[in-house]
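First comes the structure, then the notes that go with it.
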Amino acid sequence: MSHTLLTRDQIAERAAQDIPDGAYVNLGIGLPTKIAKYLPADKDVFLHSENGLLAFGPPPARGEEDPELINAGKEYVTMLDGGSFFHHGDSFAMMRGGHIDICVLGAFQVAANGDLANWSTGAPDAIPAVGGAMDLAVGAKKVFVMTNHTTKTGEPKIVSELTYPVTGKHCVDRIFTDLCVIDVTMKGLVVTEIVDGMSFTELQAVTGATLIDATQA
Amino acid sequence: MSHTLLTRDQIAERAAQDIPDGAYVNLGIGLPTKIAKYLPADKDVFLHSENGLLAFGPPPARGEEDPELINAGKEYVTMLDGGSFFHHGDSFAMMRGGHIDICVLGAFQVAANGDLANWSTGAPDAIPAVGGAMDLAVGAKKVFVMTNHTTKTGEPKIVSELTYPVTGKHCVDRIFTDLCVIDVTMKGLVVTEIVDGMSFTELQAVTGATLIDATQA
Amino acid sequence: MINKADKDLKDVLSQIKDGATIMIGGFGTAGQPAELIDALIDLGIKDLVIINNNAGNGDHGLAKLLKTGAVRKIICSFPRQSDSWVFDELYHAGKIELELVPQGNLACRIQAAGMGLGAVYTSTGFGTLLAEGKETRHIDGKDYVLEYPIKADFALIKADSGDRWGNLVYRKSARNFGPIMAMAADVTIAQVSKTVALGELDPEHIITPGIFVQHVVQVQPAHSNVAAIA
Amino acid sequence: MINKADKDLKDVLSQIKDGATIMIGGFGTAGQPAELIDALIDLGIKDLVIINNNAGNGDHGLAKLLKTGAVRKIICSFPRQSDSWVFDELYHAGKIELELVPQGNLACRIQAAGMGLGAVYTSTGFGTLLAEGKETRHIDGKDYVLEYPIKADFALIKADSGDRWGNLVYRKSARNFGPIMAMAADVTIAQVSKTVALGELDPEHIITPGIFVQHVVQVQPAHSNVAAIA
């Protein structure tokens, strides 16, 4: 069979479908921020940013940028009516205290037990930097991961055990890749959707951990 | 010799003299609240109340009472220009975090080592109640105690060791009584002032702990 | 479209069941959600654990709730007051359990729950009867007691204004425990004097962001003219 | 009469000495007290410990301070950025010590200092390299790491408006670390765009009460027209 990889926008669009009306959501820097534009207008989804914003909106019109109104990715944003500002303490209380419903993160690797690696490749001379990655990984009620299924060189990113330094243990609930959707469960990695034209066997072949097929369920 | 006891107002007036310009002060419920009226108008002294007020002012005019503007003693107050409201978490952060300069408390007993008892007489059938007493005792940079020197039945309230349950250990810095002013120091209880007409020997006789005379210093 | 202000008081409270742990805001009567408490009494549920600074005054509000026998245990800092006869009688009769917590530790433990902390070392209470049996630690020259978070199934609080996303602002010293209880409960129900349109509350002035609030119920202000609304 | 706004920038900063631990507010450039940092550089002091979310960008502000060699150690969550070449070079040359702290733990440890807690159990970082060697505990089904408060001798922060008693309000996402750093430092110095009269800030809207602020310094807003003030 032959299949087509989902584009980054298509992964974002797919992930957006799993965000319910009324959800408080933190979209990690990078790929996950793309989800914002696929949230349907008839839903109230509340976007949280670590630097003290709740219910922020799309980027401002050109010339309307305010250097004091940025998100955690240091991009200019706007505020929706009903949005609010607060300090870093309250902002991470929202996260650590389990008040955020869904956090969507990028990943270097996800392990079969839900361990996430996304903050360090462990390269010996790299300058370490963690930001809010570890807080986001353990704090939200549900953690979604958005990632390509394999690295640029074809190595699996979904693995039986992490080889990169862990960001959070047992934290990932669902994985959206350019090939499939996977639920991380007590039984293992359960594949619920695969791109058209790809078989479960083919998917398993490019994955570094044992998958469970639930696409017929 | 013969001496006159200070009135409650006179003790308050004396204690007020030791509160410097710019001090953040919590006046405990009861006797200490009397200090407010002896603070000189040319000083900015900031009164803190546990229930979320900073820089509150005198009672309102009759008919101007607001049931939502009360202090920790549940008395009606007003706000000064420059005052602020905050929640209980921040209010006790001010206390526990060492941001309050002076706290003035009542006492059942003060021990020679600065231990304070003011929350419970230990009576077996009494309903225990503590409020903010323990937080106030350990939180402020300096703790002043205002009390009669002895109980109504003439028992010493300043004692070598507490017989009542402790509120805070090693917390009292200065004691203002109707007979004297005492500094609690590493060396012991140092008497700096005695009411006119009373000798140090007479004061010692009505005190349950050894005093050091510094009234000639 | 999310509207947290679309249910009436009775509907909102009906989700509270026997055995619930409930935080109730207020310091004295300031910030006490009187109408929510009355509706809670009407529910007729029992075996409740209540968290409040006090244990009721007079015969109204929290005292009235206690009087119905609905409360198994109360966690508070100052139960004994000149007009706390309802609690006093229950306590002396052994009909209510009391966990006495210093006021600042009460606040801090509620905050710890809202912040998702496992436990905190606090200096308040060290060496006292209220820390007996508790773990202690000497840190950087000072003694601390290990205290655990206080969480709740529900928080019933009073705010001044709220919008349909649950954003709240308070009024003067009625703010007290409201903002921190809202953060520490699974479901926070706020009674407000005014429901305002989205955007009417300045994002700089919102004290409790809507993320901490599940329901907003507008009630007639307690200090309004009763004759006028009768 | 207390006037916390009566000294000029240079006078206020002159109390900072070699070896000081200094919190600096801001997330990126939002809320960064640029004028205070410039004045700190002019002081020429050394051996500083800096606490900030980042480790400087480009060649200005915090990066410029690092470049002078004044900083012995930095405590931050995200030093590595596309334009953090000043820090990168110092780090690779072994000329600066780095304590890397997850951003939420940084906030929480700063809060713990302000609140007077001895230590807190936080879930963030458990099982990671950043918790290696740290005490852990299993509480109520979840794993936590014991983390200690981060205090400072000074906090340099940026607010929008302030009054002579030190009350502050912030602007939008420039609020970030300001309010919690103000609570955690012995001496907090706030640069403001506007100094207002006592009473002009609504007591309901004050974010940082003056008790947490020792000095208020008005500076020319950074985004004002440079030509107009030249």
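First chain written, first letter: the chains are A, B, C and D, and each begins at residue 1.
Quick note on the criterion: a residue touches a chain if its C-beta (ideal position, glycine included) is under 8 Å from a C-beta of that chain, and two chains touch if they have at least 3 such contacts.
Source: prediction; values computed, not measured.
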Chains contacting each of chain B and chain D, listed by label:
C
Of all the other chains, whose mean CA position lies farthest from chain B?
A
Taking contacts as defined above, which has more of them, B-C or A-C?
B-C
Rounded Å distance between chain C and chain D, as computed from the means of their C-alpha atoms:
33
Separation of the C-alpha centres, chain B versus chain C, in whole Å, is 29
What is the distance, in whole Å, between the centres of chain A and chain C, each centre taken as the mean of its C-alpha atoms?
35
Between chain A and chain B, what's the gap in Å when you average each chain's C-alpha atoms?
55
Touching two or more other chains - residues of chain A:
79, 85-86, 89, 92, 95-96, 139
Flagged in chain D as touching 2+ other chains are 108, 111, 115-117, 122-123, 170-172, 203-204
Classify the inter-chain contact topology: is it line, ring, star, complete, or other?
other
Would you mind giving me the full set of chain pairs in touch?
A-C, A-D, B-C, B-D, C-D
Can you check the complex and tell me which residues of chain C touch chain D?
108, 111-112, 115-123, 137, 139-140, 142, 144, 148, 169-172, 203-205
Residue ranges of chain C touching chain A (in the complex, touch as defined):
1-2, 113-117, 163-165, 167, 183, 198-199, 201, 203-204, 206, 209-212
Where on chain A does chain C make contact in their complex?
21-22, 24, 42-44, 46, 48, 54-55, 79, 81-86, 89-90, 92-100, 139
For the chain D and chain A complex, residues of the former touching the latter
27-31, 77-81, 84, 87-88, 91-92, 98, 100-105, 107-108, 110-111, 122-130, 143, 170-180, 207, 223
So in the complex, which bits of chain A are touching chain D?
49-53, 66-72, 74, 79, 85-89, 91-92, 95-96, 120, 125-135, 138-139, 165-169
